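Notes follow once the structure below has been shown.
By letter and in written order, the chains are A, B, C and D; residue numbering begins at 1 in each of them.
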Amino acid sequence: MNNLTFDSRKQMDFIAIGRLCIDLNANEINRPMEETVTFTKYVGGSPANITIGMSRLGMKTGFIGRVADDQMGRFIVGYLEKNQIDTTSVITDKSGSVTGLAFTEIKSPADCSILMYRDNAADLKLEPRDVSEEYIKNAKALLISGTALAKSPSREAVFLALDYARKHDVAVFFDLDYRPYTWTSPEETAVYYNLAAEKCDVIIGTREEFDRMECFEQNTDHDDYFTAKKWFGYHAKIVVIKHGKDGSIAYTKEGESFKGTTFPANVIKTFGAGDSYAAGFIYGLMQGWEISRSMEYGAAAASIVISSHSCSDAMPTVEQIDSYIQKCKNGEFVAK
Amino acid sequence: MNNLTFDSRKQMDFIAIGRLCIDLNANEINRPMEETVTFTKYVGGSPANITIGMSRLGMKTGFIGRVADDQMGRFIVGYLEKNQIDTTSVITDKSGSVTGLAFTEIKSPADCSILMYRDNAADLKLEPRDVSEEYIKNAKALLISGTALAKSPSREAVFLALDYARKHDVAVFFDLDYRPYTWTSPEETAVYYNLAAEKCDVIIGTREEFDRMECFEQNTDHDDYFTAKKWFGYHAKIVVIKHGKDGSIAYTKEGESFKGTTFPANVIKTFGAGDSYAAGFIYGLMQGWEISRSMEYGAAAASIVISSHSCSDAMPTVEQIDSYIQKCKNGEFVAK
Amino acid sequence: MNNLTFDSRKQMDFIAIGRLCIDLNANEINRPMEETVTFTKYVGGSPANITIGMSRLGMKTGFIGRVADDQMGRFIVGYLEKNQIDTTSVITDKSGSVTGLAFTEIKSPADCSILMYRDNAADLKLEPRDVSEEYIKNAKALLISGTALAKSPSREAVFLALDYARKHDVAVFFDLDYRPYTWTSPEETAVYYNLAAEKCDVIIGTREEFDRMECFEQNTDHDDYFTAKKWFGYHAKIVVIKHGKDGSIAYTKEGESFKGTTFPANVIKTFGAGDSYAAGFIYGLMQGWEISRSMEYGAAAASIVISSHSCSDAMPTVEQIDSYIQKCKNGEFVAK
Amino acid sequence: MNNLTFDSRKQMDFIAIGRLCIDLNANEINRPMEETVTFTKYVGGSPANITIGMSRLGMKTGFIGRVADDQMGRFIVGYLEKNQIDTTSVITDKSGSVTGLAFTEIKSPADCSILMYRDNAADLKLEPRDVSEEYIKNAKALLISGTALAKSPSREAVFLALDYARKHDVAVFFDLDYRPYTWTSPEETAVYYNLAAEKCDVIIGTREEFDRMECFEQNTDHDDYFTAKKWFGYHAKIVVIKHGKDGSIAYTKEGESFKGTTFPANVIKTFGAGDSYAAGFIYGLMQGWEISRSMEYGAAAASIVISSHSCSDAMPTVEQIDSYIQKCKNGEFVAK
């Protein structure tokens, strides 16, 4: 039991809106990218990864977004479909845009960075007219991601989706997913993040992301409860603030708070931790589980993904997560 | 008595945010602009005009905006100061912007048009950091205008001002003031107008402006009550829908409605009618008058301004409006 | 006799390409623009003024350019036609551009400045496809102006016009007319001015304008002969370097040089001096006059224009210039 | 012997200006890119490839260009240096640009295409001030490439380099290298290609590229001699028009023409054929060889490169080319 409700009569479990892009992951790792010779191509983008994760967990999912009219765009759509994600709201952009790219550099498991290509990216060309009221109405939950707010017309498309979601009782999850590219100023970022957060049921972000949203406020101590409380004055029911390896904390509108656990992992890279966490956590909440159990499920999913080479492709199934948790609890799994 | 409250302890009565520009009014009128030879320069821009109107009516006023770093910008600041408007929040833009211009063409009293210069306009360079929380906190009322939402960073500055106003119990008036320039698409316009309107106490616009805001809704009959009702679900207490010569209608959150009257006028041009109406109406509400009396005051102010050559410069004083109403009621005033 | 030849079989005497705009001249002069209340509207833009000047002097003229699709654009076309200038190559731009504006400020006859509106200006939307090879082929002379090189696609249109002119033995005059607006960097300016100058027969500019072109060279003494000589290695036959009140100097490919005279004037403002000078000078050259007589004619035209309120509208006829020169020589004219 | 002269006192043999980018070549070939999983990273860009080719052939080379301030940019500089190319004029761009990318798709040896990333590309940020007169003066030959003309400020940097080259007797090679990205219109392309070609000694391009340059001319038969002849009226001494598998034809100012041969190859992909041809051909000319022998050398180099996976990395040495020609002439080499 948790404080969210999902309308069981709706056909679709979960849809996300926003970024669809390509990850090019260094094959030769533990070195600077200057010395990387080959790269492997995966579907990427935080909302894409979370949706793939939800689909792997057996949920009925769909996506609202734009892809470039090229080989990369077609690869993305094909991959989503192979993963049973509905793509009827994935539009092919004809404006000459390109697919956003993320080259990953893995110098060491603890020292990872990303080289982004976000100029003229297809996903940011999403338009309000691409957002179908009917499509959103038919979903139990909608996930929005901060990167889709970074630029017009994608920004307006997200606000319209939020409006439809609120109108039709669709639970809204906001994965802050702040990326410094594309945004013009810290103030611009804070204004739109705040306008969007006002309309969401569950807000998930790192402490640093919430700090960024508070650029017009006085939370000099970076107090998590101060942060969470604000949103309960709007529509939020759960606010999760992540502190990396120190775990996360969830607050509820009803005044509870839950400290999250972490699981051991043989870390290859840190990418994908947040997306797999979100998938596991949201999955749990949609099953009606307690918040703490949902957080545990997210943490286990995250440990699985950071032990793999990819983000999207490594998203685990229910069986994988259950078995991972079991092994950890039995002491069978020991991180090297 | 009306349903608004204003905090009498605050020092400033009324501040506006947004467009400050220059009107260049044709001196040779009743002909196409091609045949106009000379133009007279006035301060213009809907929120500027309303603020000048409020100041003429004896209110303590101020303005938040940006002007170009040139002769036109300095003329605007000088004119505001001459009209007792506080300009401490009027910033001189150093980016090389220019002052927005509006050349007016008066082919006949009923056939007026405007030739706008809005590229690289200084007023749209207003930034969130220009908006002082303290300045807004100290005002009883804030007026925002739709044109300031048309472009970043002015758009974000307005959303921040709205946030501060709600936080500090400042009554917010929204003059829709839709101008087709600068906006990218009808959907973009609707999204931001709606996001702003959610945060306002009083919303004033023409039927056509409200239609534009409803581009994602089904109000096929253009029903005024349908329009007004939506906003009472947010923060609105009064919604005024203007129907040009057919007068206006005001709805309250409490379920009342008021039909506005009009006064005779020897019309020179229709420009400035809306701004003077807003000034008179808001003045009345801030005096604590009944809504219907406030509407009458606005209508009288409008009749005075459309009988003059300018907008800003013709904004009437209390004495002028009172005397005009008196004359009309006595039958002394007969429109030619 | 001079060193230029014009093909007498061609139907059109003189065509210009480039800027067509509006001057808004302060009516209340000898004060800062902040205190100016009314403005008078004139056609402006250096190549427009020169063409009007040439037409007043009885030449068969035409223009290649773009005007905005509004009242200002229609006023410009109407004025050109009233002045017997062929407008078949004046295109109405449909992209939503505006007419460039120049507000003049006349603080004193010696202290004049201009406030320019050049954002989204129609004249800079001129495209190569607007340039008719036939139209250029049929002209004895073509004048290009530096402002038209400031931005694409107008820049490319000018280079195409130059190409057609060289191909069909049209004498090319280059009025440097440097304006700091629109250009991105000093290097950009120098590169395109030099590329254009290589293809011209007569180059006319101020010392400061030539300095700007020499940003990649070592003419530290600002030596006029150094400046002129370079262009004789390309197609130039005459180079005129203007030194304001100190008169101008003309060099020929053949090695001659001519010092220009000036005439007295009751100066109202300095605007238009260069354009009227160019008209008078080019007219003289096209009559086959000696260079020194042509320079004198230009100087007299300039004195007439700076004694008037406008630029374009004050362009003198042959009778006016002849009479002015006569009066000056007779000592009848005494500048106050 | 050929009709070019190179100043033997100059220290540097060959420098190029323009595009430095990254090729990401599909490892799994003979399929659509949608099915490609991994990519190998190489330095790319036509002038970069040619310079690498010249360096492999033993010439003293250098490069003028901009690279992004990231891992890709550093990889490029490192690779050039490893190939003995002087990088003192390779600037690291600090504007937040990215490295241009070219993903190659090899559906079959005859059906190859490229997916380009050219938005905000570092190489197009090259500025006139990056071009050192001294650096160009010290080179025997300069190569420019059409892509560097596609956008400001790189376009102006190339024109300045051309100016310095002509001033200091540096032989200029123009590899047309037309790419449809970045250019705004066919007319824009033609205007700048023509302006640049006027200043070059040797112009090398495909028939299609020359057609593009002739958009304002009447060469309806696509006649090669018509094409070449025009440039002999400027500075050109040799014009090479390439007809793909049908070989190429070279014209000289002196009226000769030479038909090029081709060599057999086990083609993997067609990319890099032009660049390796240029390197071999220019190398031959700089050795003082006959034009026909130089063309043969270029053709052999091309056959070697199209039989390999990469462009830059496969550029052959003198020994490799000599041996390849020998084998072909001996009949030892038989294309499969």
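Convention: a residue touches a chain if its C-beta (ideal position, glycine included) is under 8 Å from a C-beta of that chain, and two chains touch if they have at least 3 such contacts.
No experiment lies behind these values; they were computed from the predicted model shown.
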Pair in A-B, A-D or B-C that repeats C-D, with over half of contact pairs matching by residue number: A-B
Chain A and chain C: spacing of chain centres that average the CA atoms, whole Å: 61
Distance from chain B to chain A - Cα centre to Cα centre, in angstrom: 42
Where chain B and chain C are represented by their mean Cα positions, the distance between them in whole Å: 44
Touching two or more other chains - residue numbers and ranges from chain C: none
Topology of the chain contact graph, where touching chains are joined (line, ring, star, complete, other): ring
Every chain pair in contact, whichever chains are involved: A-B, A-D, B-C, C-D
Touching residues (chain side chain B, partner chain A) in the complex: 127-129, 133, 152-153, 156, 159-160, 163, 184-185, 187-188, 190-192, 194-195, 216
Chain B to chain C touching residues, read off their complex: 24, 27, 32-34, 36-41, 70-72, 74-75, 78, 98, 101, 103, 105, 115, 117, 119-120
